[in-house]
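Here it is, the structure, as structure tokens.
We just call them A, B, C and D in the order they show up, numbering each chain from 1.
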């Protein structure tokens, strides 16, 4: 069933001009996915936040300073050439994470993971988090835990799953309705539905009727300048994080502000001016 | 026969061989692997049937509709309710974290009384009897007016019950904490007379001139505001943000105009002067201008000439002129008062001056404009039965016009004029400026009852704590206030049975009144709060219970409103930060840190940036240009006339040189390790300063010094 | 007291003196064991690792001990396959050092993983695409090979050798050792390489990423090469230390010179390859991804160009040249300097290929992440050193590790160690 | 070979003879060794097969017997009690409330089991703490809808002929893992005669591979 159907490719586009940095996506994610918390969460390098909101600045002095916020879930990389060899998946020694070719979603199986953390080393987005502690909820608070996501134990890696359990439930619902199609509205991640600014759009990048496809207009052809890169956006305002590495994330970002778009990747002196108006890959064939 | 080495060898090999071809090895290997995958201390949440239930969030004045996902009746997730007239599916982090408040470690689990500085659990009957005994003494001593009451918000049937209680008891001293709504009501009262409040239709406005209002930083009804801002670009509406610091709102605005802290009122007056000079005010709306308009016009022209305002505010004269003209020429302009969240210490002059801009623009009671709307009147309490004691007490002059004034008065007096105090849904010992002064004043009050869900700073200094259910455990009407164009009354319903031995606050008030007996009990003849709620909301109860919410005054007020300029024409003094130190310390309202009640949830604290809080260290923002010999991240001592605290500096280019910004709402001291002891409460660094014309604390910021620790 | 166990004719220090030494080192070992137990029972929160430093001191220690333990496979390769017979005089010791290094590496790995009881999933549910899987398999197999190589030496203990079975076993094992040496060399080529591959395949980390041949990044080959080059230096260094501690000459100079010469040429050729690799990476690979070289070596408080110079020039090219040149190679002081520099060099290389990778910010708005290990990490890293010293001491005392010992110390000795 | 080794080769010959086999006097030793071997082998072999499974699993009786035959006769099918909810999730074992569609706190029949149900659970408004034979661990997401609706499978394929049972067999729990014995299977060697005999991950994978051509990705069945 997986192969004889057209595969989905779930992805996201986040409008950084709408994002207010309020943090609702992060909390919605924690609440949805049974993410624990501990006494001190101010060390952001050991604080599990599947969805983390970064603060970007244009580094100009007062009063020309500008600020933007960038929410960063797992990028669900397709890997070089979008063949499914994500940086993290290919390195996991115990097959505790895999690339779902039917959805494009990168999994993480807590009961399989034994905590070598190679995937974390391989991920340039710091989207993967390690359970340095056993999660402990204050007395009684474990009553709010959701049965749809299994709580983790100490010593394993976890990360954003694009709320895969919502896909599972949407699929069950579709089956119960005798359908094979999952309507766009039936599978939305917790951050998407929570965002009060409506900055996040989620859906199937392969499905032209989905809003995310319409915004991103992913180019199916490899970038002629860098054949590892597939699925560049044909929308001039849309970019991906560290696109040049060839990780092929399925999370796209959108901004009217040039300095924000430029902060999505590294450019040598002068390179940005050459590429800033080049978008998609077919456009300069 | 001799048992030798070889026999043992045989024994050993036999045993190994026997085990080897039995299933023990394979099975134990597999089981061992499974054993290491399921540790007994990792919780396994029980599965079950999914259901969704709707209610209303009361964590802030926003009053969003929320949907609670339950598994076999057990709430597991809060989401935004769609459709709902306030938030249309949106929700904020605090609402989502609402479930954490249910099981918060600092919840009060049963009624408590203080014995030798420790709290001892008592039964509800004991607690109510004790409260009634102490309060009854005041009435039998013929001084019911010495009971004071502080509530968080003034709206809704529960604050209504407290007012009802105070009236029946015979005390005029019922005060509310200074939230945005209370400022708006005061502003409306000053300019338009009693029984009005203000609302802003930022959803439809095409030009929003914000005098520091953190439209996406928690001002007003936060989710509704963020949604309005989310659609702003599509609507091509302009947002101009005037404040000393590049807040998130400023960062998202079309233009950020930095202004010297504390001079917003002067700027608004200056802009009024520009509009009046250029004749850019709406003549039709001006027909409603009554007292003092001419005097006001003359005064602003004289006292607020452009160059003077430019010098005071630090904004160039041309910017002021251009902005004022752009505002006046916009189709649907709105000027927003209320710095940050718009609550706490603000000042009436600024609110009035900013709202005067709205009045001059004439975009009042129109779509995309400012609404001068009558106070919601959906509640109808029966008149309280007042005996002679009550009548006499009620007639006494109120002790103060604001909570801060009351605290100051008690603090200064030898023997407290307040003999007993009830606090509900408020945490003045944390949220007011100079909290240690507030605590000292409270210590003078012989008897304090705290009606609260959490053991917060105010509960800790109380004599009796009456624990109330959280918003997810109780039924209550929740009117949206917070500057929305239309008032929405939502009905919150219990999503789960009370987790602890708590009661709904309405039942607590009724219980207290009944325990007092006599006419007090007769004034509270309801058998429960639910009956009371149905009766007092009888005008809207039907649709409220059926739909879960009612939108009041679907038809907004139309036409000109009488506007009185007397107050501003007197040119009251602008409330500037006090002191003569080098820097100005201003509070920052950060969306992720709720400012007052309840304290932040563990999730909310988790999202706080490490440039605000690191471990227990508090950061303050400072512009690197004025940092001199300080190091980014270094430890410093921050000193004001009110106190001195060790903090760390965070270099932020987005704050005016000379200004120090500090996030408000941290530094709680609660029995909750996830929240407590983190950072510094900025209020402890600010001494209150009463604005004479309003009686309110107007100390938004204060002069401060900073030195290497 | 334990005279019956000491190889015949060999002089050893008195038993109490020996035990005193063991006790001192043993105390350090126990400290390490305590830290290890803390990590196992309380979890990895005992370390200063974090989500930016998933790999840290331990992985460096792993890579470093395996690199310096490379002397075992390379010496074995030279002795048994290339039939350089002089090396039989140092091969026992090389094997012991290798055994210590590899057992330490496995122990550190067992501490380093979050769920140690599930560690075997790496074999059970292996992902063949992962370099770490290759490492785990080859490492374990090679450790088995090293154990097999070590056994004959153990069986040569005076008492054990009296048992005819052990005697014959030892004899026969020596006979087939070439097969194991070949297997070991083969396995080592792979796991040394895959340890290099661990970093090289991380194409999300431009500081680590290297192009390569088929599935193997260049770092794969560089790691194998460097282990072969620097491993013998470590063998020589430990031999030298053992000689100093025991006060005896244990290996003849010609053997030392030979191994030093081979090592010197290996280092020299490795450095050429390394310089080409670094140059290619700095001028093509990284800029192709938008990174200036300066991105990796500036704007932080620790990692500067100095580390590149230290690794490549001071601790790479210089020891290589010192060991190639006959006069400096045969001068004990210069040789010692070269050997020490070389060992430091390979350790710096492994440090850079683990910790600097973690430190370099990749997202343009991210910042450098520096890290200081916790005492538990330091203690568990010193633990293998203490264990190694004890094992060498015991082996030296009771086993005929150095075949030339008796010959070199035949004269009526005045000294005692 | 080292010189030391060469030396010891000569010195140890006398010791070697003692253990050499072939001394006819020691024949009984061999016989005894064989007997010891056989005895040890049998003990271990039999305990491995017979005693070990007994020790490994603890038995729990269900709160009371449930007669599936009777209920199927009354309701006609499985789905009346074990159904897919509207949202596609599976209802599992009915709650007491659902039983009250037919039952009351007065027993309908005269079995002891129904009396227990009525008195202990219906009257006291309690849920019956059934042991679930087919319970998968928390990390597993199993979609009944996918198997029933999409793949058209019947209950029996995985659960066996449960509708033919008149009594509830004891629930056996693995002392080490806490899993139901049904997961590994009744057969201690793990041999499968029927498709429902074992329900480990590999059994899912084998069937998926056969039916869909692919074992499935992790997240298809894990959460």
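Just so we're on the same page, a residue touches a chain if its C-beta (ideal position, glycine included) is under 8 Å from a C-beta of that chain, and two chains touch if they have at least 3 such contacts.
Remember, it's a predicted structure, so these values are computed and weren't measured experimentally.
**Q** With respect to inter-chain C-beta contacts, which pair, A-B or B-D, contains the greater number?
**A** A-B
**Q** Where the centre of all protein Cα atoms falls, which chain's Cα centre is nearest to that point?
**A** Located nearest the centre of all protein C-alpha atoms is chain A.
**Q** Using Cα averages as centroids, what's the distance between chain A and chain B in whole Å?
**A** Here chain A and chain B have centroids separated by 33 Å.
**Q** If you average the Cα atoms of chain B and of chain D to get two centres, how far apart are those centres in Å?
**A** That pair's centroid distance is 56 Å.
**Q** Using the average of all C-alpha atoms in each chain as its centre, how far is it in Å between chain A and chain D?
**A** Here chain A and chain D have centroids separated by 39 Å.
**Q** Which residue numbers or ranges of chain C touch two or more of the other chains?
**A** Residue numbers touching two or more other chains: 115, 118, 121, 124.
**Q** Mark out which residues of chain A touch at least two other chains, giving numbers and ranges.
**A** As it turns out, chain A has residues touching two or more other chains at 43, 55, 95-96, 111-112, 134, 150-151, 153.
**Q** Which chain D residues reach two or more other chains?
**A** Within chain D, the residues that touch at least two other chains are 85, 87, 89, 137-139.
**Q** So in the complex, which bits of chain B are touching chain C?
**A** Residue list for chain B touching chain C: 32-33, 36-37.
**Q** Would you mind writing out the residues of chain D in touch with chain A in their complex?
**A** It is residues 84-89, 137-139, 141, 143-146, 149-150, 212-214, 216-220, 222-223 of chain D that touch chain A.
**Q** Enumerate the contact residues on chain C facing chain A in the complex.
**A** For this pair, the touching residues of chain C are 43-45, 49-55, 112-116, 118-119, 121-122, 124-127, 129-133, 136, 198, 201-206, 287-292, 295, 357-358, 362-366, 369.
**Q** What residues on chain C touch chain B, complex-wise?
**A** 115, 117-118, 121, 124
**Q** Mind listing the chain B positions that touch chain A in their complex?
**A** Result: residues 37-39, 41-48, 71, 74-80, 87, 89-93, 96-97, 99-100, 102-105, 216-217, 222-223, 226-227, 229-231, 233, 246, 248-249, 251-252, 256, 258, 499, 591-592, 602-610, 613-615, 623-625, 652-657, 673-674, 678 of chain B touch chain A.
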